[in-house]
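Here come two complexes built around chain A, the first alongside chain B, the second alongside chain C.
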Partner chain A sequence: MSRPAVVIRFDQDVVAYLPGAILAGSFWLRGVTTDEVKAVETSVLWYTEGKGEEDMAVHAFWRTSAEAGEWIAPNRAHRFETTLPQTPLSYSGAILKVRWCVRVRAFLQGGREIIGQRGFQLGSLPAVESVEP
Partner chain B sequence: MSHRLPEADAPANPFCTRRIRPGAIPFWFSAGEDPAGLIGRFQRAAWRGAIIGPHGSGKSTLLAALLPALKQRGMHVAAVGLHDGQRRLPRGFAATLDAQATVDAELSTQHASKTSTLDQPCARPGPALVVVIDGYEQLGRLSRCRLRWLCWRRRLGLLVTSHGPVGLPVLFRTGVDLTLAQHIVAELQNGFDVHIDPNDVARLFPRYGGNLRELLFRLYDLYEGRQRKSE
Partner chain C sequence: MPRGIRIYGKKRGHRRTGSSKLGVAGEAAFFATLLVAGAGVLAALLYGIVLPEWRANHEFVEHTCVVLDKRLAERENHEDKLYRPEVKIRYGINGRSFTAWTYDIATATNAANSYSAEREEAAAVLDQFARGEEYRCWYDPTQPEVVVLVRGYRWWVWPVLALPLLFVLFGAGGVLFSLLRWNTSAERRAIISRRAAGRELLAGNGHAATEFPTVPEGSDITNSPGTMLRYRLPIGTSPGWALFGILLACLGWNGVVGVFLMWVVNGHLSGDPDWILTVFLAPFVLVGILLIAVLIRQLLLATALGPTQVELSDHPLHPGGRYEVFISQPGRLPLDELQVQLHCEERATYREGTNTRTEARGVYAERLYRGERLTVGRATPFQARCEFVVPVGAMHSFRSEHNSVTWRLVVEGRVAGWPKYRRDYPVIVYPQEQNGGHE
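Right after this comes the complex of A and B.
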């Protein structure tokens, strides 16, 4: 069996999503069996990275739990869809970057966990052009 | 266990905060040193001790390496990080310690009453709770006295970091030399485009007087500039 992994696909293959646009796609789990999966959490979130304090916020969140009686078929495509907000827009600055992504965490038996993440761009703010360190 | 995030979503700069904060970089013990040895020293010092070192020399990183070892020994850890000018512990912290110590004492009594003292004289070799203060030198004299008195009265461990001696047994002195800095910089760039070489580190290292954190902040900028030029 292949190494456990999360595969995430977006319905649209676009360079950047506009604020207010629909982000839709699906994910599935590879290399795990139905018995192994306890729960799956899907988030659409943004986070910052750079030199300073980091920040993040979850825009949309879904949880599916086998313990709650929900059926999780790992290799079946699970859909997600949300309307993207107006802000914060993706940005690639010199000391700060704002990044958006879809993150899927699958909780497996025995305390194991697999995480998959796929980034996307919200808006089209130009990146900083030059850096003079 | 968690898997690494896919490379496509890895940070753009290997010196970003997420990768250099305490705990993200492992503490590099010199030969013959390891967390277990340090915990042994802490135990011999009656579970009171200080990790001493200048700014950015790895004190918090060492703490991050020690906390799991303490927890593995069945100890609770109450940790707080103090920053510039924080002369007192956070409101309610001492009361929480007191309450936790009471609960632990009751559990120990219950455990002892169920266990033959001959079979198992001491289930956990050490205090039930270790208080960890990162940045102990920030505390005022009165706050330090109160905390030490509370730890003594409730038989709690006390592990602190400080820039200088604070009247507790010194468990470890942290420091960074050029070789270690070069090694860490190389490790951080593992899996990234390499824009910083050992000569860059050698050139900048003296400017920061052994403060690795400040050096890595500087390298963030240098990396960012060179990466953008190369694109």
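Right after this comes the complex of A and C.
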């Protein structure tokens, strides 16, 4: 059996999504059996990278839990869809970067987790560099 | 890939964050220790003090007794003496006679806290009882030899209970929070805390509901109308605060140095100079003089140059939008140079050891206006107008807990013979207006 992993696909293969656009796609878990999966969380979120401490905020969140009686078929495609917000736009600055991604976190038996993440761009701001005032 | 507990978390630049699971376990252990310690002390207080008092008030049976004797009991406590009143009584229950030295429940049970340092108070209690007289008493129906002459609660018990109770509440809250973190992903915690804070409540479909998340509202920028243009911008940091800070530093430094200086001067005047202290004090006096000079300069600058008035034709700003700026600078000194610039700056806050540091980096700067050798008067302030365009593709204003992108209009001036002064006027830039879709 292959190593456990999360596979995430977007419906449309685009360079960047505009604010207000629909982001839709699906994910499935590879190398995991139905009995192993306790819960799966899907988030559409942004986070910061760079010099400062990491900030993160979740735009959309879904949780499916076997403990709550919900059926989780790991090898079947699970859909997600959300309308993207206006801000914050993806940004690549001098000491700050704002990244968007879809993150899938699967909780397995025995306290194990598998995490899959696929980034995308919200808006299409050009990268910037430091300037002297 | 599957993940268990990691000793170290991810590496970020030259810093490495700790393992989140290990951190949560450490936090949980700390809070559990507080909880156990608080609960232990609380239980001891409840069992040793509160419960006996409560039983004496609610379960003891009322009866009568005869006072046989009384005394002021003493106990050594290190080098002090402690006292308590003791009254010897006789009472009969179902034909059986009992005698006991007692007063309140603490004395009856010989509790350590029945003694106090107040000798007069204890003596005054004894004066209330006369030998051979009959008084009311209350005995324990399960142990008739335990009897009291007074009931009630001691006031100091409740504040004493508050301390371990705080430990219990703080510890229990911390343990619960740690357990929640242990079993909850960062994303789920983010959603829960956002709901708890009442911010950006999720709509029914599980999506955030704010129109421009992370863009500061900036309502304070548009609440003052301008005289020439639509809005008068508030200043970012008032020069008055800088002046106040320098004044405090000047007073503090020179106050301390002044005391030593008087000592040295008195020594010189009385013909007994302390040359070592004189030499040692000299650099401190120089710094004090420098601070006074800076203070005077700031005072002169503040009084010689009035507040800079900056007005804007519209707000918030949008990339690609054209805007007009009006600037008015009253004062008494001629300006060698005056500049207005549009700045964009990234700010990042991070921890380095136990310190919190903030780094700022300019990512956009455009000069909107520059004037030289300008005549300024109180009645006739220097005034200028200029236009600018917010660059297409500019990042919108952004603020999160540790990071931000801020836009501001910066006025920099130079008065002849003085260093530059700078005044900042924050503005908010919204994202470029676009139609939904993808590129």
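One rule holds in what follows: the second predicted complex is superposed on the first by the 128 of 133 C-alpha atoms of A that agree within 3 Å, B and C clash if a C-alpha of one lies under 4 Å from a C-alpha of the other, contacts with A are read in each partner's own complex, and residues count from 1 in each chain.
As a working rule, a contact is a pair of C-beta atoms (placed from the backbone, for glycine too) under 8 Å apart; a residue touches a chain by one contact, two chains touch by 3 or more.
Computed from a predicted model, the values in this text were never measured in an experiment.
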item	value
Simultaneous placement of chain C and chain B on chain A, clash or fit	clash
Touched partner set for A:Gly119, first chain B, second chain C, both or neither	first
First, second, both or neither for A:Thr82, with chain B first and chain C second	second
First (chain B), second (chain C), both or neither touched by A:Val37	neither
Between chain B and chain C, more extensive residue contact with chain A	C
Which superposed partner A:Ala5 touches (first chain B, second chain C, both, neither)	both
Which of chain B and chain C A:Glu53 touches, first, second, both or neither	both
First, second, both or neither for A:Ala94, with chain B first and chain C second	both
Contacts of A:Ile72 with chain B and chain C, given as first, second, both or neither	neither
Chain B region in steric overlap with chain C, selected from 73-81, 145-153 or 163-171	73-81
Common interface positions of chain A, toward chain B and toward chain C	4-5, 50-54, 94-95, 111-115, 128, 130-133
Of chain B, residues touching chain A in the complex	1-3, 5-6, 8-9, 11-13, 16-18, 217-218, 220-222, 224-225, 228
Chain C contact footprint on chain A (complex, rising order)	3-5, 12, 14-22, 41, 43, 45, 48, 50-63, 82-83, 85-89, 91, 93-96, 98, 103, 105, 108, 111-115, 123-126, 128-133
Chain A residues touching chain B - in the complex, by the definition given at the top	4-5, 49-54, 92, 94-95, 97, 99, 101, 111-119, 128, 130-133
Residue ranges of chain C touching chain A (in the complex, touch as defined)	1-4, 12-13, 185-188, 190-191, 194, 202, 206-208, 210-215, 341, 343, 346-351, 359, 361-365, 393-396, 398, 400-403, 405, 410, 431, 434-439
